[in-house]
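Input: one structure, supplied below.
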Amino acid sequence: MTEIQRPSGRAADQLRPLTLQRGYTKHAEGSVLIAIGDTRVLCTASVEERVPGFLRGKGEGWITAEYGMLPRATHTRGGREAAQGKQGGRTLEIQRLIGRALRACVDRRALGERTITLDCDVLQADGGTRCAAITGAYVALVDAIRNLQQAGALKQSPVHGQIAAVSVGVYNGVPVLDLDYVEDSSCDTDMNVVMNDGGGFIELQGTAEGHAFRRDDLNSLLDLAQIGASALFQAQLAALES
Amino acid sequence: MTEIQRPSGRAADQLRPLTLQRGYTKHAEGSVLIAIGDTRVLCTASVEERVPGFLRGKGEGWITAEYGMLPRATHTRGGREAAQGKQGGRTLEIQRLIGRALRACVDRRALGERTITLDCDVLQADGGTRCAAITGAYVALVDAIRNLQQAGALKQSPVHGQIAAVSVGVYNGVPVLDLDYVEDSSCDTDMNVVMNDGGGFIELQGTAEGHAFRRDDLNSLLDLAQIGASALFQAQLAALES
Amino acid sequence: MTEIQRPSGRAADQLRPLTLQRGYTKHAEGSVLIAIGDTRVLCTASVEERVPGFLRGKGEGWITAEYGMLPRATHTRGGREAAQGKQGGRTLEIQRLIGRALRACVDRRALGERTITLDCDVLQADGGTRCAAITGAYVALVDAIRNLQQAGALKQSPVHGQIAAVSVGVYNGVPVLDLDYVEDSSCDTDMNVVMNDGGGFIELQGTAEGHAFRRDDLNSLLDLAQIGASALFQAQLAALES
Amino acid sequence: MTEIQRPSGRAADQLRPLTLQRGYTKHAEGSVLIAIGDTRVLCTASVEERVPGFLRGKGEGWITAEYGMLPRATHTRGGREAAQGKQGGRTLEIQRLIGRALRACVDRRALGERTITLDCDVLQADGGTRCAAITGAYVALVDAIRNLQQAGALKQSPVHGQIAAVSVGVYNGVPVLDLDYVEDSSCDTDMNVVMNDGGGFIELQGTAEGHAFRRDDLNSLLDLAQIGASALFQAQLAALES
Amino acid sequence: MTEIQRPSGRAADQLRPLTLQRGYTKHAEGSVLIAIGDTRVLCTASVEERVPGFLRGKGEGWITAEYGMLPRATHTRGGREAAQGKQGGRTLEIQRLIGRALRACVDRRALGERTITLDCDVLQADGGTRCAAITGAYVALVDAIRNLQQAGALKQSPVHGQIAAVSVGVYNGVPVLDLDYVEDSSCDTDMNVVMNDGGGFIELQGTAEGHAFRRDDLNSLLDLAQIGASALFQAQLAALES
Amino acid sequence: MTEIQRPSGRAADQLRPLTLQRGYTKHAEGSVLIAIGDTRVLCTASVEERVPGFLRGKGEGWITAEYGMLPRATHTRGGREAAQGKQGGRTLEIQRLIGRALRACVDRRALGERTITLDCDVLQADGGTRCAAITGAYVALVDAIRNLQQAGALKQSPVHGQIAAVSVGVYNGVPVLDLDYVEDSSCDTDMNVVMNDGGGFIELQGTAEGHAFRRDDLNSLLDLAQIGASALFQAQLAALES
C-alpha cells in the first residue's frame, strides 16, 4: 500500500471509528443509530401488515427505504425537502439504492404479505451517508424481523446473509477506504460498493469525478472495499449479539 | 392540588425529566437535543447572512423556524412529508408558532441583516413536541448568537430575556402540567403556553377536546403553566452556563 | 372601562354592525353571508353522504371546513392559492380551527355516516375573518341540518348549543372587543376566542404581537369576549328564527 | 324564429335578467358583481405598478385574468382547487380566454408599465359563467382605469370600445341565446362569442356536444349572439353611467 | 382568391406537404407520425381494458388525449413540463380539445368498457401542432380499433366517419389555409377548425390577435377550412388503405 | 466465450444494429436520433448563453441533461410525468447520469459562460435507453459545439475525447453485451458502463438483480463493455464525418 497523507491521518485501508447503537428510539420495530466517523444516520425499520398495490394477493412481502437529511446535517443549511415540495434527485437515487440493497438479503415470500420500511435519516453528515445508511439499516431490519419472530408472526427469519456498504475512492492518486467529507470533496474517483457476507457484490456505483479510472484502479478499490466490508460485517454481528 | 393518578405517577404539577444537550451536532451554529420524558427534539440554529425579500434593505434581521417529525418518531409510521410533496397543516401551524415565539425575545434591528433559522426535528415523540421545540430552540438560538459575538459579528446579544413553552391540560377532570402522549390522547382540554421569564404570556393556545373549559379551569391551568415555565427557565440557564 | 379613542369611534366593548343573511346562494344546503363591519364571509354548508376513510364503517359523521380568501378581498391583491399550487400556512391553520370549533357542537354519532363541509370564503376582509367564519358557519350548519330533517334523513338535530367566535385585543394599552383591520395591524395582543352558549371556552388563541400580556390583561380580554359572544349568540338565534 | 319551449319560458333570443353592481367590494380599484339569471360572478380589477418579466422595460402594460369557482357555487360541491394543489384545465382555459378578451380593448402602450389583474370568482353558477366574467370584468376594468385617471396616473383612457361575451347554442334543435345550466347540460352545440361594440368578433369557441353543426346553424347562432351582445353593451354603458 | 405572397410561396388555399406514417413505433396499438410541412407529431393510441371512475359499470368506453411538446421542438428551448411539475394552460387546453374532437366520431357504448388514450407528442413544431395532432390521432385511433377487431375483442368498429382539423387565418389581410409558424406569429386572426367528413363542424376556435374579425372574414375562413379538411380526409383514407 | 442462446440470436459480444441520424429535427443546435436495435432515443443539444446561478460570474460553462420517455414508448402505457406533476426517481437518476457522463469530456472553462442542455427523449424503448442516450447525446453535443465554432463563438472545441455507454449483464449465467428488453427483464446482473475513448471508465453502475456477482463475473463484463464501447466510438466518428 502506497504511503499517503490522509487528512484524518488514517491508513489507506482503515475505516473510521464505527458504532452501531440499537434501540436508539423506542417506537420502531428496529432502530439503530450508526456513527462512522462524524457521519450519523438514524435507521429505523417499521413493519406494516400490508403491501403496495402491485404485490397485493401475491403472497410476497416488500422491503423499501426512504432517505432524508436534516437541513443542518451539513456544513451549510440545505433546504428542507418537505418545504420545497419534493425530494431531490440525489435523495431519490439514494433511497432506491438502499431499498435494492436490503431486498437482496430477504426472501420476500418467506416474509409474507407485509412491508418493512427502512427510514434512514442523516442527523450529521461527514461523507458516506448512503453506505452508513445501508450498513445500519441491515441491523434495524434484523431487529424488526426478530420482533416478528418473538411475536410469533414469523417462525424463521427470511433474512439470508448480511449486507453492508462502504465507499472507496482515489484520493491524491492513491486508492483509499471509507472517504470522509474532505476526501470526498476532492477525490478523483468515488465508488460505493454494496456487498454481502459471502463476498459477492450487490451493487457497484463508481464515478470518475476528475480523471477516468482504469481496470487496475478498479481492482485496488475493490480490494479495499472487501477489507472494509469484512470489518462492517463483524461490527454488525457484534451489535446484533450484544 | 387534587389527588390524582397520572399514568406516569407524576404529581399534577410535576414536569417530566428534562435534559438539554448542547452541541449535539457539529455543523450548526447552535445545536441542542432536548429530551423531556420520552420526547426528543433536535433543535439547530443556522445563521445566514441574508434576509427574506420583504426585509431586504430595512436593516433588520429575521428569526424563522421549520418543524419536522421523522416518520417513525411516533407509535405508527407517518408518511414522510418530503415524499408526500407538502408539509401538512399541523406542521405549518407548529413551525409558525415556534417562529413567532422566538421572535418575541429578539431585537431584530440589533441582530442586523441576517437570518437565524431554527430547525426543530422530532426524533421521538411522546407528547409536547411543540413546547419542547420552543424550549430547546431558545438555547440553540442563544448559542448561535454567542457564536456571532465570538466571531465579532455582534457586540451585544440582541436576545432579551428567555422564552419557554409548556403544555397543560385537564386530565380526568384534574388540571395537570406537561401532558405526555397517553394523557394528551384522552384529555378534555389541552393548552400550550409560551411564556417569557418576566412572567408574561407570549402565546396561549387552548383547545377543548371534550367538554368546554371555564374561567376557573383556565386559571388553574395557567397557574400550572407558570410553575412549569419557571423550571424550564432554570434548566435553560443551567444548560447555558455549563 | 378606560376611555379610549378607537379608530371607528366604537366603545371598547362594542361589536361592529352585524348581519347574517341566510340563503345567500341557492345550491348549498346552508348558505350564509356574514357581514361584521366591512368583513364579509360567505359560509356554505354542503352535505355529502360519505365520510373520510378513517371513519368509514364506524357509524359516525364528520364536520370539516375549508377557508379561502378571494385575491382582492384585501387592501393589496394577494396571490391566488389555487394558482400558487398550495394553501398557505395561515389558511390551513384557520380552516383547522373552524373545523374543530364546529365539531364541538355536533354529536357525530347522531349525525350518521355523512360529512358536512363548511366552506368559508372571504369576499371582503377588514379584520376578524376567522371569527366571522365560525359565527356564520354555525348558522349555515344549522340550516343544513334542518334540510336533512325536512328530507326525513334525520329525526332530531345532532347540534347541541351554539358556537360563535370573536376577537379581542389590547389596542393602545386598552382591552377592546372585535378588532377591525386598523386596530389589528397595530395592537399589542390579539386573541381569538371561540365560545359556546353555555359560557364555556372551546378554543383560545392569544398572541402577544408586541409586549407580553399578563394575567389581568387576559382576564379583561375574556370579559370582553363573553360580552361579544352573547351578542353573537343572539344574532344567530334571530337569524335562525327569521 | 321557430317556436320553442325553453325551460325558463324565455324567447329564443332573450337574455336572462342582468344586473351589474359596481363597487361590490371596497378594496379593489374596480369591483363588479354581475348577475345574469342565477349566475353570479364577482369581477375585481387590481392595479399594480409592475409588469411580468417578459415585458419589463418595454414601455407596455399587461392585462391578465384569473378565474375561480367557489366550491359550492354548483349543484354538488366541487373540490377546492387550492386544496387540490392545482387549477384544473377548464379553469386555466377560461382565465386565458378572459385575459385575451380584455386585452383586445386596451392600448397597452398607453396603459404604461402597470398590470391590471381581473379576478373573476363565481359565487353561484347557473350556466354562462365565462361569458358573465368577461362582460363584468370589462366594467371593473373601466372603473380601475377611471381610478388611475382620477389619481392623475393616466391622462386618457387606454380602453377603446367595449367587450362583452354571450353564449348561444342549439337546444332541442333550435338556436337559442344565453343558455342556462339546464339548457347547457343537454344542448347539441354550445358556442361562446366574445364581441366588441363595433360588431367585430374577438373570440369564437363553438363545440358540437352531440351532432356536428353546419354553416346555417352557425349563422343563426351568430345572429343571436349579435342580438345578445348589443343588450350587454347597453347594460355596461348604463352601469358605467350610473 | 386575392393574390398574396405567403412566406412559403404557397397559394392561399394550399396545404403544406402532408405525410401520415403508420406503425412509426412498435408497442402502441396505433402509432402514426404526421408531418405537415415542418410540423411533426407522433400520435399513439393505447388501449386499456378499464375506464375512469366516473364511467365504471356504465357499459361505455372512454377516449382521451394527452399532448406534449419535446423541449426543443421549438426555435428556443422550452422548459420540460415534467421538470416544472405541471402541464401549462396551453397544453391542458390542447389536450382537452383533442379528446373532445376524437370522442365526436366514436360510439362509446359500442366501444365497451375500455379506454383509448391518444398521446400526441410534438417532435418538431412549425405551426398547427394541435390540428396535426387531431388529424394524426384519428388514424392512430382507427388502427387501434382494427387491432381490437383482429383480436376478436370488437366485431364492428365503433368509429363513425372521419375527424380532421386545420388552421386558417387572416395573414396580411388575406384569408389563408394552414398557417405555418411565420404566418401564425404575425396573423390578425387565427382559427382552428375541427370537421367531420360529412361537412359538419365539431369545434371552431377563432381568436382575433389584432383586429376583430367580421362575418365575411369568418365565411372566407370557413370556406378555406372546408377545402383543407377535404384534402386531409383523403390523406387519412389513403394512409389507412396503404 | 461460452456458447449461449440469446433471444435475438446474437453472439455474446455482439451489439445490436446501430444508427446515428444527425439533424433529425431542425431547431436544435445538435439533434441526433440514435437507434440501437429497437431502442430509439432523440437527443438534442440546446445552447443557451447563460449559466445556472451557482456558476454565474465564474467564467465556466455548464452541461446538463434531461431525460424523458414518451408514455407509449414501452409495452404498456406509462403515466406521463408532466401530468403526474413530477419526474420519477428513475428519470432523475438517469438524467443525472447523462449529465455527469457528458461533463466528463468538456473543458467547461473553454466552453465559456453558456449552458448546453442535452434532452434525451425515448421514442421507443427496448432496453438500454440510458446508454443509448449517452452515446447519442455525445454526437449532438459535438454538433452543437461545431455550430458555436461556425458562428465564431468558439475558436477551439472544448470537447476532449469521446464518451459512450453500453450495458452488459449476466444472462442465463453467461456474460453478454448490450442487453435488450427481454434479456434485461430476466438477467442476474445488469451493469451500465460509461467509457471514454482512452479506455478509461467514467461511470460504472452494476446491480445484482438475482445472485450477487463476483470479481471474475465483473472482469468478464468489463471485457465485453470495452468491446462494445470500441464499436460505439467508431460509429460516433463515422456519423460525425458523414
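Quick notes
All chains are identified by letter, namely A, B, C, D, E and F, in their written order; residue positions are counted from 1 within each chain.
In this text, contacts are C-beta pairs under 8 Å (C-beta built on N, C-alpha and C of every residue); 3 or more make two chains touch, one makes a residue touch a chain.
The chain lineup, named per UniProt: A, B, C, D, E, F = Ribonuclease PH.
Predicted model only: the values in this text are computed from it and were never measured.
In this entry, C-D is the pair from A-F, C-D or B-C that repeats the interface of A-B, since more than half of their contact pairs coincide by residue number.
Chain centres here are C-alpha means, and the one lying farthest from chain E is B. Averaging Cα coordinates per chain places chain B and chain D 51 Å apart. One finds 59 Å separating the Cα centroids of chain B and chain E. Per-chain CA centroids place chain D at a distance of 28 Å from chain E. For chain A, residues that reach two or more other chains under the stated contact definition are 85-86.
Shown here, the protein chains touch around one cycle, each chain meeting exactly two partners.
Read round the ring from chain E, going to chain F first, the chain order is E, F, A, B, C, D. Chain contact summary for the complex, chain C toward chain D: residues 25-28, 31, 38, 40, 42, 44, 46, 48, 66, 68, 70-77, 80-83, 85-87, 91, 117, 119, 121, 123-125.
By the touch rule above, chain D contacts chain E in their complex via residues 86, 88-90, 92-93, 95-96, 100, 104, 191, 195-196, 198-208, 211-215, 218, 222.
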